[in-house]
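Here come two complexes built around chain A, the first alongside chain B, the second alongside chain C.
Then we have the complex of A and B:
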């Protein structure tokens, strides 16, 4: 067993080498971006801060998961496991070492692509993530599509016919969507399309009677296309419909309200009046000149909601027995599966940070002032 | 948006619509448990894949006999593997892989004759070498049901191809009964699939491989194992016992547990048997569906309220007795847990060696008050609020805790109710200080003798685990249990069990509420389930975890299922 100091020395050396390489790259990038202007500098600064945030998050979740009372080895092996078996698993999980040593060993593992072993699945956490993350992402992508298209569409219609009956109908639908949790929608959709009018499947990712495509990406839809298996493709899409709609409805409703307000705000601006009095058709004014600035706040909300779906999908996955990362994550927390908990929290953290950066890039595209000022103030 | 972009969006939407509308599955060699089979049922021929029984259960699920020990794992193991002995529906132990056995006069050596001609799923012959290997494997890994053997079994030796000798460290009276858990694994297959591990020359003992495969000789073999989703097994054609014409050709354990999902699956006839953890309300709703029956299957579980005997105020026996008097047992057995009986003592009546001649509490506020007056905390109960924890996975427990809270308030006791995730309960059980004052649990155990429950529930070796929140730590109880378990004469052993039960009832560490049968809604219209029939006739007496789901003796009639779907 290595001593704490030797491990610390190892990790320090690794960090120094990694830090030196990163510094060299950063200097090179800096030299490039000073030619590209302030906005690129802003994005890069955000990216670097994100790395620091992730490091902080990893330390925080690492400590929290381990200081919460309870012996994960005992929980994993059951009440009647022998002391030897419990000690063996404790050693495998490095739980017999000091907290700092455990963290450095974990970091070392991460650099090697080893996120540790899950005490629930009894296999590497990375294998679990490869299996479950694409499943949830597939639902999220469809949910995101529904949310973006539906939210913007309903918001635009609502703004265009503000005060009329269409606006009121959309308002009611939106409030229903916002007030109702995703899992309730899951149950309602299951009752309607799984029980009363049984046209959609209610379990899993694909019917048992259909040969699934070989796993390439882990996305059933993409793998089916790559395999040329149209039956699997259509069946996989059917399995996605209800979970995706359940997840999307709350965000869609919220986005439609925000987009409506934003559109109405921009519609009252002077330049719109000028354009209309110049003879530009209302449709063109709405879709070209009012839509673009209105999307900035809508995109921010939608993006954060999409990132939150990774964690919020748990109950939806439970209802539809969908083997996704969210359900896996909750089970990891309930069973004190330390390695899995850390990995899941890091994934959700990365998702939020990436989404924030993407939102900034989209906002800059939509509003040139942001680009020229070097980022939102 | 420009025209090109709009056109692109339109094309994408059209493609998605076309693909969605072309959804239909073709037959493959895997069972039909999907919606397409329902919509086409009126015209479809019955195939082998329709002979399937689907059950819900909790995941993750470890089918490895050296690892898994929960109820659903035991159910999977009994179908994938063969044990040395087999428990019949009436509770009697029959020879299985062990054709016969002898015991030395001092009870320290057992010699088993192993059945010849049994094949593993791999095609290998099952011999004494596999039996010895399986025993030693279980003892080395130390998980699963190893606790039954570790204190008692010294070594296991292969005498010849079909004879195994087990040498004991000490006498163990119930040893033969415990062999219902001694499943035999294919040594050759396991050794071919070793990964890096800590068991010396045996590396990981095949634990990695057996996560998703089996190495058994049982009536079924794993076809597909999705760790968080389902286990699908198919009939093993080379099995040494017969199947009937309508025996299930497949069984599937699904991880669905949500009540709405379960009800929808049952109504669509995509699920045959429901898990035992559904709430009573959900079971009652299921029983209203056409063709669904709900047998009450006594598995030896009781609804119990474990009282922490080491923290105030439940460390005072008078407080514990008062709490026992504050439970309305009549309401519990008729309303909260309908059609059940009040528990008698600390061991279920279905176990051999049960003592039905012990003191039984009833709801009595006056007696509760009398007991509280004798307590050292009398007059200061407001300083000692009592926490009653119930498992979030079992909604019926909340009703019981609310009932106790309301009744206790009349006696001047303040009870705080804590809905707790099962994982958190396991954590809380690990120390005296974190164990709640009262915890509601349903213990069950591994073999048909009162001693298995007594050892599990009240021996000091199980403190710190979720099987004992009481922290009884009583030397006399420990010695008596050890003595009883080492008694070879059955009648004498049963009598010792009875004395221990009477002693424990006097200590009152637990409120024994009702005997809790498993309520499993099932599709009686097209599934014949012998254990359910025996339960409904009052002849079921096999309190062995997982035993009820023995698929080989079930019969499924897919034509009747298709009729229901028309």
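Then we have the complex of A and C:
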């Protein structure tokens, strides 16, 4: 049994890697904090509030998972399970105790770094998470990159050429992108780039013929670099492309629409006219003076979408049979693996709330009015 | 004429006149894409209602096997091909639109009223315990993407269409509560509400006749934009087998069934996928059109 502090350290490590961007943001927070105390109060309040929401979420998901028609242990083990196995599981999951006691025991376990045992994998849920989370984060990082670059680029282009044919093409693409669920994109991409023009690998995280690098961080790409294994590196990256694109497309489309309309809104402002009439080149006005205020709504949309990706990845990872936390989560749900479901839902909730706070901070960075008035809303 | 109509709009949605409907249609029809979307939706809706009369092979909708004609490519007889049991995919797609619309009506019909009522109550009792209890619960529900909550709930229940509707509604109502709450709070301190209170109007009267009409615009916009989203979530649920059960057709189930035979029998996946794209796209176009027509800043 690992000590609590070691597990805690590992969890923190994962979270820190998850927020590579967050690190940069922390510096920004520091700057904001030192400048405006009022805003710090606001963020602090948001943070404490999020902790309360998380406690509420854990109670909610706990109730959902336990107050279901039928016996959870029996449902988890299937109809052919023996009576003894069911009773043993009931005892193991504390299902024979009252709901409040069960919740209390679960919380106690969480503070000890014990999220319970998974019925599917017969391992501690924490071990499963540590194995599968990095794989999903890899996909999400790439998807986030595609979404940020693509969304802002397409939005800027269609705002610059609004009303021209290029704007209409982008509009059609983004309408299609929003209307299509990620799992449909993954199947269409699979059909095109996996079978029609077979350039990308379809299933899994790495080809079976390639020896995977030894696990250090759990991130296949980083591990391959550390190992100096270029073959595994390129193969792992190729495996990431299709899941990442299918995850990013919907959000990219939405972001590009929103970025376009806020660019156009800001372009109408008086200061833009002043700048243009005083001879500042169009390119500079667009990229420097119109872009920054327009980014506020775009960034919030993109960030929230990235947080939702953990959930959207559920079906995408299923299609590509990608061994990530989302495939694990959906399998846990379909197999009624109570401890695993609770853990996954909590992770997604944490990511969502964290991103919400980050969005507020970015908005305050981009719009001084927000931080000077002590926070939006 | 336009000016008077805007005025009558402000006095409440209950006094909608034919002219304001005509004005609404004038604004809506300015966007050609929204018209196309509306036409497509009407066609899909009609074909879903009269599915058994329109489709070429009505008997293929349920449990039907014809292994001689299994896995046929799209042809004149079967315009979208046949599945592994020899059933016409086109007929099954058209019929599954019915479930998609039933899902929308069920989910929005349950979650919107519940959400709106709670939002109105929370907004009216702003600053009291009632407000904090309702809005804190809403915060908890909104801390998860709807797909995740819907999956978690429906996985716990028996996989049926009704249960998946329940699961999606369960994750959906909170959005309506938040929208209505924001609107209700913004009108709550207006003088006309205060005067109604002063002359002794009941709480129900104030909430239903004074506050609610002001919230209709955003709620209606959200409703129209949600139709496509609910269809998407319904398809995602049926994709993992939580929803309408075989042999009844559902778009998600058809896609996941066909995906197992992917490179060879591509039509079994591709056509249901395109069907989802078309239906959601037209719902979104209509929703956008209605949103633009309802917004007052643009005349």
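As a convention for this text, the second predicted complex is superposed on the first by the 336 of 377 C-alpha atoms of A that agree within 3 Å, B and C clash if a C-alpha of one lies under 4 Å from a C-alpha of the other, contacts with A are read in each partner's own complex, and residues count from 1 in each chain.
Everything that follows uses one rule, which is that a residue touches a chain if its C-beta (ideal position, glycine included) is under 8 Å from a C-beta of that chain, and two chains touch if they have at least 3 such contacts.
For clarity, every value in this text was computed on a predicted model and none was experimentally measured.
K.L.:
Chain A superposed: clash or fit between chain B and chain C?
P.N.:
Clash - chain B and chain C, as placed by superposing on chain A, overlap.
K.L.:
Which holds for A:311: it touches chain B only (first), chain C only (second), both, or neither?
P.N.:
A:311 sits against chain C, while chain B stays out of touch.
K.L.:
Taking the superposition as given, does A:345 touch the first partner, chain B, the second, chain C, both, or neither?
P.N.:
A:345 contacts chain C only, not chain B.
K.L.:
Regarding the shared-chain residue A:197, is it in contact with chain B (first), chain C (second), both, or neither?
P.N.:
After superposition on chain A, A:197 lies in contact with neither partner.
K.L.:
Examine A:336 and indicate which partner it touches, taking first as chain B and second as chain C; both and neither are also allowed.
P.N.:
Both: A:336 reaches chain B and chain C.
K.L.:
Under the stated touch criterion, which partner chain does A:180 make contact with: chain B (first), chain C (second), both, or neither?
P.N.:
In the superposition, A:180 touches chain C alone.
K.L.:
For the overlaid complexes, name the partner, chain B or chain C, with more touching residues on chain A.
P.N.:
When the residues of chain A touched by each partner are counted, B comes out ahead.
K.L.:
Look at A:319 in the shared chain and tell me whether it touches chain B only, chain C only, both, or neither; answer first, second, both or neither.
P.N.:
both
K.L.:
If the shared chain A is used to align the two complexes, which stretch of chain C, 8-16, 44-52, 116-124 or 260-268, clashes with chain B?
P.N.:
The segment of chain C occupying space taken by chain B is 260-268.
K.L.:
Taking the two structures together, which residues of chain A meet both chain B and chain C?
P.N.:
Common interface on chain A, chain B vs chain C: 68-69, 187, 190-191, 194-195, 318-319, 333-334, 336.
K.L.:
Please name which positions on chain A make contact with chain C in the complex.
P.N.:
By the definition above, chain A touches chain C via 49, 52-54, 56-57, 60-61, 64-65, 68-69, 175-176, 178-181, 183-184, 187-188, 190-191, 194-195, 307-308, 310-312, 314-315, 318-319, 330, 333-334, 336, 341, 345, 348-349, 352-353.
K.L.:
Spell out the residues on chain A that touch chain B in their complex, using ranges where they run on.
P.N.:
Counting only chain A, the residues touching chain B are 68-71, 74-75, 77-82, 84-85, 88, 92, 120-123, 128, 131-132, 187, 190-191, 194-195, 198-204, 207-211, 230-231, 233-235, 237-238, 241, 287, 318-321, 323, 327-328, 331, 333-336.
K.L.:
Please give the residue numbers of chain B that touch chain A in the complex, ascending.
P.N.:
These residues of chain B touch chain A: 1, 16, 19-28, 30-39, 49, 60, 62, 69-70, 141-147, 150, 198, 207-208, 211, 226-230, 232, 252, 254-258, 260-261, 264-265, 267-268, 270, 421-424, 426-431, 434, 456, 462, 464-467.
K.L.:
Would you mind writing out the residues of chain C in touch with chain A in their complex?
P.N.:
It is residues 136-137, 139-141, 143-145, 147-149, 151-153, 155-158, 228, 232, 235-236, 239-242, 255, 259, 262-263, 266, 269-270, 273, 276-277, 280-281, 283-285 of chain C that touch chain A.
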